[in-house]
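Heads up, the thing below is written out as structure tokens.
Per-chain residue numbering starts at 1, and chain names A, B, C, D, E and F are given in the order in which the chains are listed.
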Amino acid sequence: MHFLTSNAPFIAPQNSIQKMMLWVLIALAPGVITMIWQFGFGVLINIIICVTTCVVAEASMLKLRNRPILPFLSDLSAVVTGLLLALALPTLAPWWIPFIGAFIAIVIAKHLYGGLGYNPFNPAMIAFAILMVSFPKSMTVWMLPHSLLPENAQFSDALSLIFGQSPSQSIIDAMTAATPLDEMKTQLGLSLTVEEIQSRSIFGGLSGQGWQWVSAAYLLGGIFLMYKKVISWHIPLGLLFGLFIISTGFYLFEPGVTPSPLFHLFSGGAMLGAFFIATDPVTAATTLKGRFIYGVLIGLLTYIIRTWGGYPEGIAFAVILINMAVPLIDHYTQPRVYGHK
Amino acid sequence: MRLWRFNGGLPSLAEHKNESVNFPIETAPVPPLLVYPLGQHIGNAAKPLVSTGDKVLRGQKIADAQGLISAPIHAGSSGVVTNIADHLIPHPSGFSAPSISIETDGLDEEITYVPHDDFRQLSTSELVDIIREAGIVGLGGAAFPTAIKLNTQNKALHIDTLILNGAECEPYISCDDRLLKERPHLVIEGIEILLHMIRAKRAILAIEDNVPDTFKSIQDAIAKNNNPAITAVQIPTIYPTGGEKQLIQTLTGKEVPSGEIPADIGIVSTNVGTVHAVQRAVIEGKPLTSRIITVTGEGVKKPHNLEVRIGTPIQTLIDVCHGYTKHAERLIMGGPMMGFALLNDEIPIVKATNCILVASKEEAITEKQAMPCIRCGLCASACPVSLLPQQLYWFSKSEQLEKAEALNLFDCIECGCCDVVCPSHIPLVQHFRYAKSALKVQNHDKHLSDVARDRFEAREERIARDKAERAERSRKKKAALKSKPAKEEIDAAVSRAKAKKQKPTENET
Amino acid sequence: MSFFVLILLFAAFGILLGYAAIRFKVEGDPIVDQIDSVLPQTQCGQCNFPGCRPYAQAIADGEAEINQCPPGGEAGIAALADLLGVEALPLNAENGIEKATLVAVIDEETCIGCKLCIQACPVDAILGAPKHMHTVIEAECTGCDLCLPPCPVECITMEPIAKTLSLWQWDKPDVSQKKAPS
Amino acid sequence: MDSYSKILKNGLWENNQAFVALLGLCPLLAVSNTVINGLVLGLATTLTLVLSNTVVSLIRHQVGSEIRLPVFVLIIASIVTTIELIMNSYFYELYLILGIFIPLIVTNCSIIGRAEAFASKNPVGASFIDGFGMGLGFTAALVILGAMREVLGSGTLFANADLMFGDAAKDMVIYVISDYEGFLLAILPPGAFIGLGLLIALKNVIDKRLSKPASQSVSLSMDAKKA
Amino acid sequence: MSDYLLILVSTILVNNFVLVKFLGLCPFMGVSNKLETAMGMGLATTFVLTLASICSYLANQYLLAPLGLEYLRTITFIVVIAVVVQMTEAIVHKTSPLLHQVLGIYLPLITTNCAVLGVALLSVQEDHGFIESGLYGFGAAIGFSLVLVLFSTIRERITVSDVPEPFKGNAIALITAGLMSVAFMGFSGLIKF
Amino acid sequence: MSDSRSVLIKSGWVLGLFSFIGIGLVSLTYSVTHEKIAENERLFILKNLRELVPGTLHDNDLLADTLQIAQAKEFAGKHPVTIYRALKNKKLVAIIAAPTAPDGYNGSIKLLVAIKENGELIGVRAVSHHETPGLGDAIDTNKSDWIHAFNGRSLSNPPIRSWHVKKDGGDFDQFTGATVTPRAVVKAVLKTLQYYQANHSNLAKIDG
């Protein structure tokens, strides 16, 4: 009798990319829900545009490149990219912002490098950074959390903003504001103290009204991801550790004019970045030691950009800057192999 | 006893031992034809001692060791040597290799053995000779000649610990377990022989903690034997805890330095089956002609452990297990993690064979559908050797083999852990096997080209020297000629030259 | 006219550089050894140089391209490109094509023992005395074909090297992503 | 000896300094944010290339290897400084916009590259043509990249034309997209890199189309060899 | 002291010579295929750039300015640089043949590395003193080497990636440089003008 | 040895010869062009000033009649401020001050502020700045008309408490999403006006 041959191991694999991506999507759910609760349906519109564009772009690129479409589409990585990009964009961005962003993420940052697994830079963050430098005006218009919205602002106003007809300037001004991070930075620049700044309405207990809950929801999702072993603790904790250490240092050194470490941890994209963005396996360091270093470096750089740089939020730039150093980090943090010194 | 933990591994691999482990070892019948590949151990192939038509008896040496690292082969039953020629061998290459075929006569006549009731009377070197002559090689997988491993005095190595590998960490396989359940006293006696030989202070018998009843029976046997140097230890069930290096790390916390052997850190480790074979060879004087093998999988009707004569074609074993089921898809020699698939069932069992897995479609996947590596690092977390499989893969895939080698490719034990956990379903181990073999070929080529360069340069030098000498000679001659222009000499030279020129033409006709 | 100062300065620079060219003159070129060590040492001359080392010298001098050695093949070119930090080129078809290494085998029945092949073999891989049949030492033959033309009775053939288990290579898994994983 | 048209084609397409040899990148990327900037710098570079190639070719036998490089850069620098002074006096505002990149023509790698690789080994006529071809190829690259970045980045074409052609050219400015917010990336540094990358990819696609019949047989034989 | 630090931060990160100021791009693209070569090139450039910056400062301060020959600045600087480079090359060739082989045609090309002349000219434009000129050159070179090394490690990874055919080689390398430049924009604003 | 000496000498004079030719050529060009270049430079500065104070308004050489205020306390900056005076018939008609707003989003913004003799603004221009493209750069005249909002304003129009951007309760528009830049410009212009008011008599003084 004759038999088929193939090579060991013969045991069926226990894991798949699709499963990992699915866990990421599930872990993002609390954050998404909180975002929608706090900032309204603009978030949802962003998500729909980003994810759809990402998936369509992914399929077209696969077709163009003559690669099988179904297995790569069903790995869900394009969906994750789209969702993460959507969550990073301002809630009132006009519709073409998520559209262009998603296109850049999938086509330029991902498929020009060969698609899944080959891109050296985090696609969603590249898209975010390019949008930020290209359309700074549209990229800095954030909606107020629902608790601060004036009575007269309607969902339809948000819609019309997103789809291009400007409602009256007064409504725009009433609905929008700089993010807490942005506000903090701008006002500190005007020599106000942290206390004075934080007494304004957009600030809440930890960081910003609404923002702190969103961050907490991401933290929850992140812990779930660690529990499911989709990500290891090294990157997120490294990042939060780095951010915490440097902000504590300056907080103790110059209290009053430096926001507290907790403010830094719970505002902007710190939590989202730590658990979902910096952890993108494709673009992160791969060795355990390397991952911790990678996380810490992102944390430090985030603080530096937030505090002294030109952009109010540094996560995106910090992530892609440290992405560049990943091959070097990996090179210098190889684990000791069994039986070697 | 304190235990250590090696990196990674697979703690939750489905075991599939129950299919075969609950039945006592049966003895397989004598097959009509026994086939002995001459190279069934690490080292040089054996040299045949018989020729076609010779009659042989069970236990008779039919091929002798050749060179230092090699082992003799003995006939498993009486019969007639029918041919010594190429035969399909159990090897992933699917190659054929020189083998001795014996047609059995069904009488199963044996030679007379020389038993040694009290091994303590014998010196280490006498015991080493007995083991070598018995053709014993490691039965745990690598088939390394056991006599060399146990001959530690020879190299003035100080051995402190003897480790008996009863881990049997691969799924499906249960032959060591059955052996320990049924013949614990024989194994213990074998351990005593080894202790006597290598003068180790202690012997540790390691058994995975998923077989408590076996552990109990072995502890009873140890208690009865009452030798304080021997202990049995339960180790956590984590694949590949049975790997020699992992087992050493688990039991002692020590690591075998890369490129060295356990003996260099005072440890000798052997499989329990090997010990059993040693006991038989010393006490009963019987050479290694049979071993215990697990035949299992959904592809056979009655999975089983069998005591099988080495050289028996797989087909015979399947018959003992009541034949194939309709699910039989793949024939695997060894376990599902490290075994290899065979083309057909005429291939014989060799000394290193511990398992025949007749797998169904569900039990053994066909080629994996690989996605790109997403650098998730799960492979590195699973690697018991702390390699970076993902980087090794990038380099082997892109033919940057030297870089893979620099990342310690050759420390990979091919356990398959990385492969199983990879979410991208990349056949990592296959890449590593490819890279290792390609590197070996490259190094061989490099060696050849170095030799060629040396020879070329030597030749160039010689030619240059010859030329210089010739020039020197003709210069001298010319000078001599000038001083004494003898006509006849010139004539002679001319005719000599003519003759020389003609020679080839003559030959041509 | 103050710029004459500059002109003088530049002239001085010229002298300085002339001095440096003499003082730091470099003899010998270790790179040739490195190139030579990458070449397959078949010594076949297909590269149009009388052996591997002359070819190595020519590469180092920039007189030859790196794609002229068929026995080295694509892998050899890649190694050279890597060593020299230049782009790899496809093998120059004028020099021949890459093929599996063979060994020469002398048909001992036909061989007349003329010694011509011995003189042709660049690595002394053929043994034999005049008028006695010759044999090729398989392990030392580089498969360069140079012994074929001189043989007056055409008793030399090139045979594939027998496969051995120790040099057997595992298959490389398919790494192209083009096929649909079904 | 190559025929002149072959040399020209080599400069314009096959060995285009910007797209293939990747030389002279600094000015190429730095001043290609509008067509006019690109055009001016391209012309200045072409002029320099033609002159330097010719001169280098003329003196190629007179200069020993130990001072070849200083002599070459000296020649190039003299030419460039002369051009710079002339621009400075006649196109002052353009000169200001192009800034440091005018003196930096000296170190435009493609100029010294051509001097070394071509002019120092070829006769005057061929060197002249080579300089001309290479210069035009480089200018074309500058203009194309400039057009791409200008349209994407600010929605115009030929902005600042008046600085070069005089006030009459003020009307030359084309507002390709009116009321355009501007894709700033295109005129920022990253846009230059990415734009050139895309253009090179485009050239690769065209090259492939052009050489399809020929290359197919080659690739077939390569495959056969591997099999 | 903090002024000096600012010069370094500015030249290395904020106004990185390669990614922001567009100087020294040819070697950046040309010698970034392998990490080791990139490191070698970085070292060589750092040495030459610092030295050239200082020499140019001296030439400007003690030769051109007193003689009123500022209009000959470009010529003088470039010749000074060419001489410095050529001397370096001769010495490297003699003392480290391997490094010389690795750097290949690029050591002479350092002369035509715009960054070198650029540093000299910009340094004069910004009225730097002696130490500042040296620091400026050094910082520029470190910035150059930093991105060169990072770029080379990424390129090593890209060469084994499944890059679409038309983008293989230079195209994707330039796009990568573009994305690096995007990343470096994150540093903008660190230095206020 | 004599061989190497000849190499030295040869490379010396070859390089010298070429530098003679090259430098000679450049010097020649320089001597022809340098006057025109100097004139260009003058005209260039003048062009910016003339945009605010056209030649018809004055009859003096703006570039010749300047004041340097080194320690410009009044301007809240460490940058020195240049003031150009426009005179007609030896009477002050206007000044153009070149203050620097130190607190732009990305650093300082260099301005030209033209003030009529009576303290009314003729106009303001941003000469150089590093504000974010697309956001803060609307102070450029070729990006938006925003800066023309200053034309005709004075210390009383609007009243001083309204010399702020709207967001801070003042009269001047900000750009959507960017308040820092306009705030800085408004502040700098206000300071200049106040300086002019305080030093008016000094500035109007014509000596000689």
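Things worth noting here:
To be clear about the criterion, a residue touches a chain if its C-beta (ideal position, glycine included) is under 8 Å from a C-beta of that chain, and two chains touch if they have at least 3 such contacts.
The model shown is predicted, which means the values in this text are computed figures rather than measured ones.
Between the contact lists of subunit E and subunit F, the overlap consists of A, C, D.
Comparing mean CA positions across the assembly, the chain most remote from subunit D is B.
Put simply, the chain nearest the middle, going by average C-alpha positions, is E.
Chain centre most remote from that of subunit F: B (centre = mean of CA atoms).
A separation of 34 Å divides the Cα centre of subunit D from that of subunit F. If you average the CA atoms of subunit B and of subunit E, the two centres end up 57 Å from each other.
Chain centres here are Cα means. That of subunit A falls 34 Å from that of subunit E. If you average the Cα atoms of subunit B and of subunit D, the two centres end up 65 Å apart. Within subunit C, contacts with two or more other chains are made by residues 3, 6, 10, 13-14, 17-18, 20-21, 170-171, 177, 181.
Residue positions of subunit B touching 2 or more other chains, listed in rising order: 92, 369, 371-372, 397, 427, 430, 433. For subunit A, the set of residues touching two or more other chains reads 7, 71, 108, 114-115, 118, 130, 133-137, 310. Touching subunit C in their complex are the following residues of subunit F: 4, 7-16, 19-20, 23-24, 27. Interface of subunit E with subunit B (complex): residues 159-160, 162. On the subunit E side of its complex with subunit D, the touching residues are 19-26, 28-30, 71-75, 78-79, 81-83, 85-86, 108-109, 111-114, 116-118, 121-122, 125, 165-168, 170-175, 177-179, 181-182, 185. Of all residues in subunit D, only 64-67, 70, 74, 218, 222, 225 touch subunit C in the complex they form. Across the complex, subunit F is touched by residues 134-137, 140-141, 172, 178, 186, 189, 310 of subunit A.
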